[in-house]
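What follows is a set of structures to go through.
The following pair of complexes shares a single chain, chain A, combined with chain B in the former and chain C in the latter.
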Partner chain A sequence: MEQIKILLDENEIPKQWYNIQADLPTPPKPYLHPATKEPVKAEDMAPVFPMELIKQEMSTERWIPIPEEVRDVYRLWRPTPLYRAKRLEEKLNTPAKIYYKWEGVSPPGSHKPNTAVAQAYYNMKEGVERLATETGAGQWGSALAFGTCLFDLDCTIYMVKISYEQKPYRRILMEIWGAEVFPSPTKRTNVGKKILEKDPECTGSLGIAISEATEDAVTHEGTKYSLGSVLNHVLLHQTVEGLELKKQFEQIDVYPDYMFGCVGGGSNFAGQCFPFVGDKLKGENPDLQVISCEPTACPTLTKGIYAYDYGDTAMLQPIALMYTLGHDFVPPPIHAGGLRYHGDAPLLCKLTYEGYMGAVAYHQNPVFEAATLFAQTEGFVVAPETAHCVKAAIDEARRCKETGEEKIIFFANSGHGHFDLAAYDAYHNGKLVDYEYPIDLVKQSLEKLPKI
Partner chain B sequence: MEQIKILLDENEIPKQWYNIQADLPTPPKPYLHPATKEPVKAEDMAPVFPMELIKQEMSTERWIPIPEEVRDVYRLWRPTPLYRAKRLEEKLNTPAKIYYKWEGVSPPGSHKPNTAVAQAYYNMKEGVERLATETGAGQWGSALAFGTCLFDLDCTIYMVKISYEQKPYRRILMEIWGAEVFPSPTKRTNVGKKILEKDPECTGSLGIAISEATEDAVTHEGTKYSLGSVLNHVLLHQTVEGLELKKQFEQIDVYPDYMFGCVGGGSNFAGQCFPFVGDKLKGENPDLQVISCEPTACPTLTKGIYAYDYGDTAMLQPIALMYTLGHDFVPPPIHAGGLRYHGDAPLLCKLTYEGYMGAVAYHQNPVFEAATLFAQTEGFVVAPETAHCVKAAIDEARRCKETGEEKIIFFANSGHGHFDLAAYDAYHNGKLVDYEYPIDLVKQSLEKLPKI
Partner chain C sequence: MAGSSSYMYKIGFLVNPIAGMGGAVGLKGTDGKSYLEEAIKRGAIPLSPRKAKVTLQKLYEYRHDFTLLTCSGVMGENIIKEVGYKKYTVLYHLEGPNYSTAEDTKKVCNLFLEFKVDFILFCGGDGTARDIFTVVREEIPILGIPAGVKMHSAVFGITPKISSEIVKMFLKGKTETQEAEIMDTDENLYRKGRLQTKIYGYAKTPYVPTLVQAGKSIFYNESDSESKENIAQFAYEFMNDDSLYILGAGTTIEAIASKLKIKKTLLGVDLVKNRKLIMADVNEKEILDVLEKEKKAKILISPIGAQGFIFGRGNQQISHQVIKKVGIDNIIILATPYKLSKTPILLVDTGDEELDKKLSGYQRIITGYRIAQRHQIGLNTA
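Let's look at the complex of A and B:
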């Protein structure tokens, strides 16, 4: 019987992360300071991040060593299995071969701990005692709670109030790992206090929570801030996925024709595909298609513009060159909360702008239809975010059925949906709305781009 | 670095289940018919179960082949990893070595699909079109929904109404896999109708749900019933765990001194330990301690009596010789719903009665304290049921610290707690009650044992 799980041994966990900055034809444009609009320097970031992460953010070294202490924690769930989706292929009756790498086996249930553990480690090494961060539905917060717990750091999480109240499960998960979690806006910060004075009933937003966490970090000795996506060092840490994937494909002598991944901030898909995009940059696999999958309701890469914009609504974060729908844009309330970001990782955007990567966008209902078909054939119930690239993979496999092509299709199965089952329930009961691309909102929002 | 995950390749999934009945010094006492009190014959079970499962129930063959179609599904998550709990050991500063086998990687998140898949397969082979079953909080129901989905059977699940209403997540999971789920009592059965006539507000019980599922099966052509624990064939299917475990221990040249597992009906722990208890029966490892872990609130093995009793409250199921607290006993509402059964698997009970296995009981709070320590060191958040044997393993490791013994401690990590986080929340907020052994209730209940 042909193998369906391609496993690696613990000692094959990569010893270095891959930094795609070393292989870019032209260097990425610098971040700009939100106030001065001058290029951000290392010392500007020092109040917020530890030096080692700032170095990684700006590094052009191709290989960055993964500390043994980080690899030691990775061993709790890594290397993650690469699956051949045989049952799905049979159901689709496609000549294509479908593969997925399953990150849902990590204790927090997604790819997020790949960077959370690394960030906690570097902060610990530099004497930081506490990390502050924000979280929406709680994917990132739970990953950072897990990471800080293992390196004996305290962890303070500003969780968007409406999620704190409506989705208690990930909050409880964070608390099991020892984090303190506050519904944002809080009275712990000046930002929060001001907002609550104006609107005591404010249910919060990711933008507000980011501002609170940042303020907490810069106003407390021994505290730093931590971000779960978008930044170069976060993408770097996630390449542990793609480097494992390369070994796994080599083991079975396969190279993908298509790679699909969902993109919210972009760190997971970047982590999976950058080692392969690196090959593309060297001209080694010109035919490989690398496609980001996003929601029609927040179509950053497919409908946004490539421009300098603020990373956050509050305009406190650096300005970055990226695809954006405008920092003011608030997407419709789709269930894939992790894909509701107005921008995307600058490195991924640059590679998309230059044609090395593509993008597609989907409505909610077909996305959940695909995820349900996947669950009914392969068993695993994936996160609503992940479901976007399941949809892409299934569409491509169906196309191959029409043409008879035996293509190799890969998708990045970034996490389980155990805390998102209400979304599946809404789908089954016909209650999911397929929001059209909110073009007027985006136009309004794009008018507020900073003038650079 | 010493390995912490001991993995097996897919082709090492066992090809046969181990039937401990072949190695018992004396044969087990037969089930008795609930009405006639005569030994149950194969034909008595035929309206309820397919012939192959009835044969397995009564078989004394040592090895029963695992069909290739079942092994093929097992490959989606099996072999499951055996972990060395290095971080937990370091935290406890114990010379003991702690190992656990992690069944939480299965799509439904527990050991239950090991038998659900097999049962669905045999029913499909014999032309059954639909399976009916009961479920409490939904562990078993979700596993059977998964199993039937993969073999294209319909699945009807009677879910205890209070759980259906209070715990929608596992209900949604069952529906994703295509099952129809009804809050029991329903108007679909005579049993249900009678109960609702008397008490329209009845919130249901596992006993009622069993009665409804059984009635559904015997009154519909092409429908059979399926049980998730207790019976010999269920324990048999679960030995796939223990046989893998033996290979994994052999691979690192280790043999356990202690084996701990939580016991509700007993199938998971039987599955892990029977291949080792089989060695014990042959006198090969007299010093191995095999200990069932149960709640103080429902202490079947530690405080029950060894007697013939009905398998269910409604006295419709066969009478079996087992440890029991009386079929009428309703345990206090502890969070480990899967451990709230008045009896235990007859085979496990017999081996306990004859001294090959032991048992301990714990209160809720120390159990969740242990599970939290485990989560904070090893990462994984385990089910409340599983937490009982985590407690036992930690206690033993602490004892080893006192004595300096380098014992090998194993516990059966049977599933994740992703749908049970409210219980952890209650623990953290000091809201868990440590129910005393309800001795008066048990005394009353034991007065109603059948006279055999």
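Let's look at the complex of A and C:
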């Protein structure tokens, strides 16, 4: 009998995170200060982040120890299981073997607490009393509420007003874990007040919420800011997934041919694939295909340009070299809210630009079709974000059926979709709209712009 | 009288009792009385009273929020009484007991204007919509209860029930108004034996702004006019490429024109190049002549709301010859998310079957600033 779940012991939770910066052929380009356009220095970030995280952000050490206290929390749900998707394979009648690592077993239901817990810990160690952050509909907010709860920090979450009002379940979850949640824009910050003066009915946006959380952090003693994706230290914390995955594959003597993961800011997929991309950088397993999956509605890697751009709409965050659709691009309201970001993690972008990683984009409807097939065979109802790489894995397995190839296909199953059932409902009722980025017309419109 | 201190809406209500009856039994006449009698003799069943009744029944529980101003007999009062409304005002008395004419409709609408109704709820088809529009223009929003025949105008709810939903939202102050095409058979062409619909103008109609509830962070909460503005901004930015732009009819394209500071022929086709007007209100031949001299050309076009035609209705100047000359890859379709959500089917009918086939299938439609939706375009098999 072939094994369905490949499990590790609790004592096999990695003791170190893997920092891919150590293995890059050339160092990444620095972040630039949004005001001065000079490279950002550690002091510039100090009002916002604790020192240890700033060090990690800039570190080129290959291995960074995971504090025992963090590993101890990880034991609540880690190591996460690696599954062989036997039933899906049978349904597809493919000679390919499909594997997925299931991060939906964490208390908040996704990969996000891997970094939320670590960030809460370092802040606590440095005497920070409160963390401020933003959240769209609450995936990240609930992970940070959980993390701060365990280390006894206060947590203030600026939640985009319209989702605060219309999607209460994640908010309730955050409140259960003791966070205070405000519908953004609020009257607590100058940014918020200004916006409300102009437009009292403003329903908010992620850009506004980021600005409010940042302002809250820099204007209050004992308060720092926390970000759930994109930054190097966030990707670093997520490598706990990929390091486990390597051990699990070794245990059954398998090495993947394809790795797929959904990319919003890039943290969960980087976490899974960087230890393997590290092999590629060293010249091992050059044929491994590492593919980011994104929505056609926000096709950062497949249609964006590789350039320095602001990290947020409000232009408060550092400028980074990345693939971008422009910081003023407002992606259409697809259900995979976590993939609606105009840029992506600079490290993942660099590896994509240099050809170590690839990318594909999908429409919403085929993505939900794939996720439904997955639920009907493997049982798990995945998050709309995750559904993008389920689609990629299924497509590849179907291709293998045609060619007869017995490829090993892996996808990063980053979270469950139990709070996203309305999205599945919309799909089943034919209400999902497929969005596209009209790249030809955008290019045409940019052609004659004055060069700055 | 519980909770009746709030504003009492005045709804003008009118039914065209004979709307569409003739079609089913092969009648072409339009003379009121004999037409109706002949239709009934041939077995036609009056459809519109039944449809209007459904809408009024659904609104009954809200009866304390509005008052109906209407006409006697079959043109309104009968149905109102049947449903059980006690409070209403008859503004206009029909002479004949069981039929009405276009003249009656127009007279009633003048009274609606005089009595300053908040909006007009009517039951009928394109002809009725057009008669009403002739009088009230953009002064009063109008909403149609579909009476079951072909309805090309964009002022109808998809079903009588949906019409009642829109009225309910209106009563709660949750609607906005938008321009909607008034379409009807082109009578000049019809007399020459050709059946073709034509846009007669843009009425105002109440609509419920779509709050598409997305799974996660953001929701569409822009109004229809904001969407148009976003589309126009994007179009403005890409219309800089030395192509000749053929601008179709309608308010979406008009928004682009006004961004370019060009006066658009609302119901016609205009030619633009490098953001400047080349020729206004052109016919097919004029377009073809200009195309002879142009290297690159593009068509900007928006489907007709609710009814869904992209080519073949209201934009006949952009004929299959024009489309072929421009090339189907150079057609840019634009529409607001709201219009698309209300337009379940998109169609083309260029008069050239081969071309229609090439235009059908999945197409991209620009719906905002640097955003498009993918929609299926079908053939007109009706």
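Going forward, the second predicted complex is superposed on the first by the 437 of 452 C-alpha atoms of A that agree within 3 Å, B and C clash if a C-alpha of one lies under 4 Å from a C-alpha of the other, contacts with A are read in each partner's own complex, and residues count from 1 in each chain.
We adopt the following convention: a residue touches a chain if its C-beta (ideal position, glycine included) is under 8 Å from a C-beta of that chain, and two chains touch if they have at least 3 such contacts.
Remember, it's a predicted structure, so these values are computed and weren't measured experimentally.
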Query = Which partner does A:372 reach: the first (chain B), the second (chain C), both, or neither?
reply = first
Task = May I ask you to decide whether A:444 touches chain B, chain C, both, or neither, giving the answer as first, second, both or neither?
result = second
Task = Mind working out whether A:250 is in touch with chain B, chain C, both or neither, as first, second, both or neither?
result = neither
Request  = Scan A:422 for contacts with chain B and chain C and give back first, second, both or neither.
outcome  = both
Message = Applying the document's definition of touch, where does A:163 land relative to chain B and chain C: first, second, both, or neither?
response = second
Shared contact residues on chain A - chain B and chain C = 422
Residue ranges of chain A in contact with chain C within the complex = 136-137, 139, 160, 162-163, 166-167, 203, 205-206, 296-297, 325, 329-338, 340, 363, 384, 420, 422-423, 433-438, 441-442, 444-445, 447-448
Chain C residues within the chain A interface of the complex = 211-221, 234, 237-238, 240-241, 332, 337, 340, 364, 366-375
Query = Given the complex with chain A, which residues does chain B contribute to the contact?
reply = 1, 3-5, 7, 9-11, 68, 72, 75-77, 87, 105-107, 109, 146, 149-150, 168-169, 172-173, 175-178, 372, 375-381, 418-419, 421-422, 424-425, 428
